[in-house]
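In this document, chain identifiers A, B, C and D correspond to the written order of the chains, with residue numbering beginning at 1 in each.
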Amino acid sequence: MKTIVAHAAKDLRIEAREMPEPGPDQVLIRMAAGGICGSDLHYYNHGGFGPIQLKEPMILGHEVSGHVAAIGENVTGLKEGQLVAISPSRPCGTCEYCLEGKQNHCLNMRFYGSAMPFPHIQGAFCEYLVADAAQCAIADGLSAGEAAMAEPLSVVLHAARQAGDLMGKRVLVTGCGPIGLLAVLVARYAGAAQVVATDIMAFTLGMARKIGADLTLNVADAPDGLDEFAADKGHFDVLFECSGVAAALSSAVPVLRPGATIVQLGLGGDMTLPMQAMTAKEITLQGSFRFHSEFFTAVEMMRTGRLSVDPLITHTIPMANAVSAFDLASDRNQAIKVQLAF
Amino acid sequence: MKTIVAHAAKDLRIEAREMPEPGPDQVLIRMAAGGICGSDLHYYNHGGFGPIQLKEPMILGHEVSGHVAAIGENVTGLKEGQLVAISPSRPCGTCEYCLEGKQNHCLNMRFYGSAMPFPHIQGAFCEYLVADAAQCAIADGLSAGEAAMAEPLSVVLHAARQAGDLMGKRVLVTGCGPIGLLAVLVARYAGAAQVVATDIMAFTLGMARKIGADLTLNVADAPDGLDEFAADKGHFDVLFECSGVAAALSSAVPVLRPGATIVQLGLGGDMTLPMQAMTAKEITLQGSFRFHSEFFTAVEMMRTGRLSVDPLITHTIPMANAVSAFDLASDRNQAIKVQLAF
Amino acid sequence: MKTIVAHAAKDLRIEAREMPEPGPDQVLIRMAAGGICGSDLHYYNHGGFGPIQLKEPMILGHEVSGHVAAIGENVTGLKEGQLVAISPSRPCGTCEYCLEGKQNHCLNMRFYGSAMPFPHIQGAFCEYLVADAAQCAIADGLSAGEAAMAEPLSVVLHAARQAGDLMGKRVLVTGCGPIGLLAVLVARYAGAAQVVATDIMAFTLGMARKIGADLTLNVADAPDGLDEFAADKGHFDVLFECSGVAAALSSAVPVLRPGATIVQLGLGGDMTLPMQAMTAKEITLQGSFRFHSEFFTAVEMMRTGRLSVDPLITHTIPMANAVSAFDLASDRNQAIKVQLAF
Amino acid sequence: MKTIVAHAAKDLRIEAREMPEPGPDQVLIRMAAGGICGSDLHYYNHGGFGPIQLKEPMILGHEVSGHVAAIGENVTGLKEGQLVAISPSRPCGTCEYCLEGKQNHCLNMRFYGSAMPFPHIQGAFCEYLVADAAQCAIADGLSAGEAAMAEPLSVVLHAARQAGDLMGKRVLVTGCGPIGLLAVLVARYAGAAQVVATDIMAFTLGMARKIGADLTLNVADAPDGLDEFAADKGHFDVLFECSGVAAALSSAVPVLRPGATIVQLGLGGDMTLPMQAMTAKEITLQGSFRFHSEFFTAVEMMRTGRLSVDPLITHTIPMANAVSAFDLASDRNQAIKVQLAF
């Protein structure tokens, strides 16, 4: 079967691998759709990011869906042909963090397509994949592309839970890549009274408006655009910081109300923050990283038909054209979410 | 000016009172709409409820809106003619509970239309009312009737906050009176994955479906209707118990997931509960009573246009016909929310 | 090896079982101490409780400690001879509740000494036990008896976490059996401003005072003893209800402050509660059931030397005299915690 | 009567002011003790800090206690001669933040001895003070010096509540000035399993050990002293950052467990933080600022006799020697808390 393997920066190959077989409690899946994520792009464009670097060939991909092709022993509740979204989160279940229900911090996590441990954890951009039945969420009624959006949606659901109840809250989203746009969608879905989004690109801001942002600000054009919200100690209750850019976070502090929560999703480097104002306003800065059980909630929410991620899937490209798909996904002026079709 | 005064059970009179004048930090309001609440109906039909009984004539009403008619000294931010929703919550601001931000438990609360202290706290079913400017939420863009729904909506927002984040949760609502129906509306608005409502009346259940319930169950017809949700220790994450009927609560326990939250809004009497199951499933039973700062959030949410309470206002009746309005409001087969027009 | 097996009410036998051998990730433990719990007493005295009844012989016991006797493959961090406290909590790790970090609600839980599934889950009152290394908490510096107290202490730590921060809070404990007394101890340890305990026995109340209760009330002698705390809507912030008696809970409602939390640990039957007062005061009634990762925290806390459970271990009796140990443990006038020595 | 007035940097004068008289709901207090706080020292040594600068003479002081000397109309519950701790927190009670129970963020706060608004809010280092009865906590059984410690203790209680339950948690405190030392005391009191404190001064670290720190590290001598706690993604559950120094915060990140909480009390300037690690570990950075209702809890906790702040009061100096008291308080090598006696 064919797979998409990153060897080094700008060295992406379609390679054959052995066909896997499902063991007990497992299923074989004929893969359907796979979204290209920012981390996939880092491996493709730069060979990694920060301390995380490719040291051996690695199959990319962790936003995936497919159809059940064969069912292993003991598996109940799944049937052949069924569309499933596949969670890439595979914690050990026995370390101290797993015991505490913080599986996303598992000491022995095997998240698809991660170069962090060595040997690397191979990803899911394959024609066939064997997964534990427990990783599979039934996606009846969704398209394969929507099912493959369960993963980034889970990231945002997990983040939204860090912020608590969003109903009636005023929400600011900085950075309108796929994660930021999902944050707009989720904030709207969760009953935010107002959703304001910022970015430096007209294209992504247009998408933000299309999916429900009340107001968008191009902070490249108008760096002081948020100033109107600074009166009476601030306006927003929640900031989803999805850009990873220090200026986005620090320039938002004056427009956050005392007691506001910043959920930091963007993974940038060191950031210089206005700590005196953050302390005096008792702002909570809360990191959010991946997800775990939210994956199943994400699929359930999409299946209700009330949360549509469709507009964010701007391109679907056959596996054979993977390199051009990765190039396209790297262009924030044209693409939001690019998915591969296997 | 005219007011609506309860003297005793079934003794409701339209009486004249002195025209009030606004002092500093106050406004005079020409009243527009007033919703009849369950407690108003208790005074009208029974002279009170439980230990709370009419001991002197009392103006009823606490779900009200009107137009600013005159502005007292020091008031800023309000102008003549403007529609405002008026919060009936008037805590003292200095007792131990006010200091802790639990103003709804104020030791010296003066909530409109309450027979609890003596002399009673007079209500707001009047042609004119003087209120503190701080009680007034600007309702631009709403109808007078919608503005008067801010109060019951606040009750439900407060309750929803007890339950925390509803996004992606499965919500059960027992009892589809005005409060239960607002709970359906709010759960839907806050991104619940599923909303199921129960009652014993076809009329109210029809309204529940109309405003967004996924499924309704008439528990008079099908007392075991919830049983399908009992597998795997239960199905629902949150129960808004709005009936005040013990059977509604206790019959829901088997279909609540471990760790679920029951928000108790219905005010019934003593209830016999299956405590062993509630303990073993670690269910949280959380009382919810009135509201405070949620009033302003309620108005803000309605003004976004995304939460419409309009379908619940089934009747609007002139003040002169108050008695027939109260009779109509007492009939759960015809009316959801009956409002008076002043 | 010898084990303590319940066959039916009042039919407790010392029986031989095959010596177990540790597999990979497991250890063999030579058992040292085993505390007799209320559920053990139910099996011994009545053959079960409510729907949970003995249907086949079952080894009792789940509050246990011992010394590592042999170490299976892959186990690191434990060495022969070391004293360990052994967690009886064995969730499956893959069901929906395990995924959510609610392992105490695992659909496939195998908690030692439970007659709930059939075949029953055999307990740990044995001379030797094989356990997963992940169940073992190193107990260096503790006595075997103290280590065996980790289990009931975990129950109370889990319950205390339901109540949130106890520092500066006023705490009421109803029911001074082993769990209630541990609640007194933990509330004191966690910085409660005041701890008041009630029971109907002079003996247990004397112990409550000895371990730190500020005030105790014998509610058999003085049913109205709490009345002095009812002014200004109540006095206590937290109630640990450890008696399982409805009257204990309902009579406490008037002395709880608005917004107070009741943590229900006692497992009684149906209870009739004053729901109107509970709702109007926005009281939280929170069930608490078993524990999971708290087990390791419990051992860590005892090992600091700042929390001493020693006074509660009133009797230690050789395994050979198990029947008299169970009789003694059934007498609330003489015994708090009776432990077996293996 | 005499007062202590700051005119500019290093210009502190003892000046006479008119004797005040209590109005309704107020009391006149003959002041007893007043602690010198870091902000008082900033005014004394530098004329202010950051944007907050003296623009007119201002009486300093906000950590105060005294004896009731006269009682205004309507006051109940206080009697002449009684020792009271006086809360310096005077919010308006009607702004949006007060309505939400966030009085410490009041838009119209009049906190004693603050140069932030102009005219400045005069402080409480006076021979006599008129205060609202609602600001006064009865301090029977405490010394005047202890009562004056209620204010900084409240700051730390408020901070501790941000961190949630500390029982069984591993706590790191960076910076052992009066606030850091109170954090050590409170963490110990609240049942922390371990308390580790860092500073750059042997004197303050000695005090930390004296009042209960399990381990202290002089990070001037051993910058890598915390490294031993970095295994398995970290060791500490909570960090109270009391130094206001960026390096203290950033060097602690590797030794914090995933999901840990940093409570930021120290008011430094901008800080550069390792945001990638903070996000990936889902660390919560929570600012904490002042307090409100915690003041009364602080006094109640000291009155139980279980929390002793006495060791931190290193010096008590007559009002007449105010200048030398301020100089002494500025020397971290000799003094922890210096109090004035009026």
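We adopt the following convention: a residue touches a chain if its C-beta (ideal position, glycine included) is under 8 Å from a C-beta of that chain, and two chains touch if they have at least 3 such contacts.
Source: prediction; values computed, not measured.
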item: Contact-richer chain pair (by C-beta pairs counted) among B-C and A-C; value: B-C
item: Selected from C-D, B-C or A-B, interface repeating A-D by over half of its contact pairs; value: B-C
item: Rounded Å distance, chain A centre to chain C centre (Cα mean); value: 42
item: Junction residues of chain C, two or more chains touched; value: 96, 100, 102
item: Complex contact set, residues of chain C against chain A; value: 93-94, 96, 98-103, 134, 292-293, 296
item: Chain D - residues contacting chain A, complex; value: 50, 96-97, 100, 102, 104-105, 107, 162, 232-233, 246, 258-259, 264-276, 278-289
item: Chain B to chain A touching residues, read off their complex; value: 157, 160-161, 164-168, 186, 189-191, 193-194, 294, 297-298, 300-301, 304, 306-307
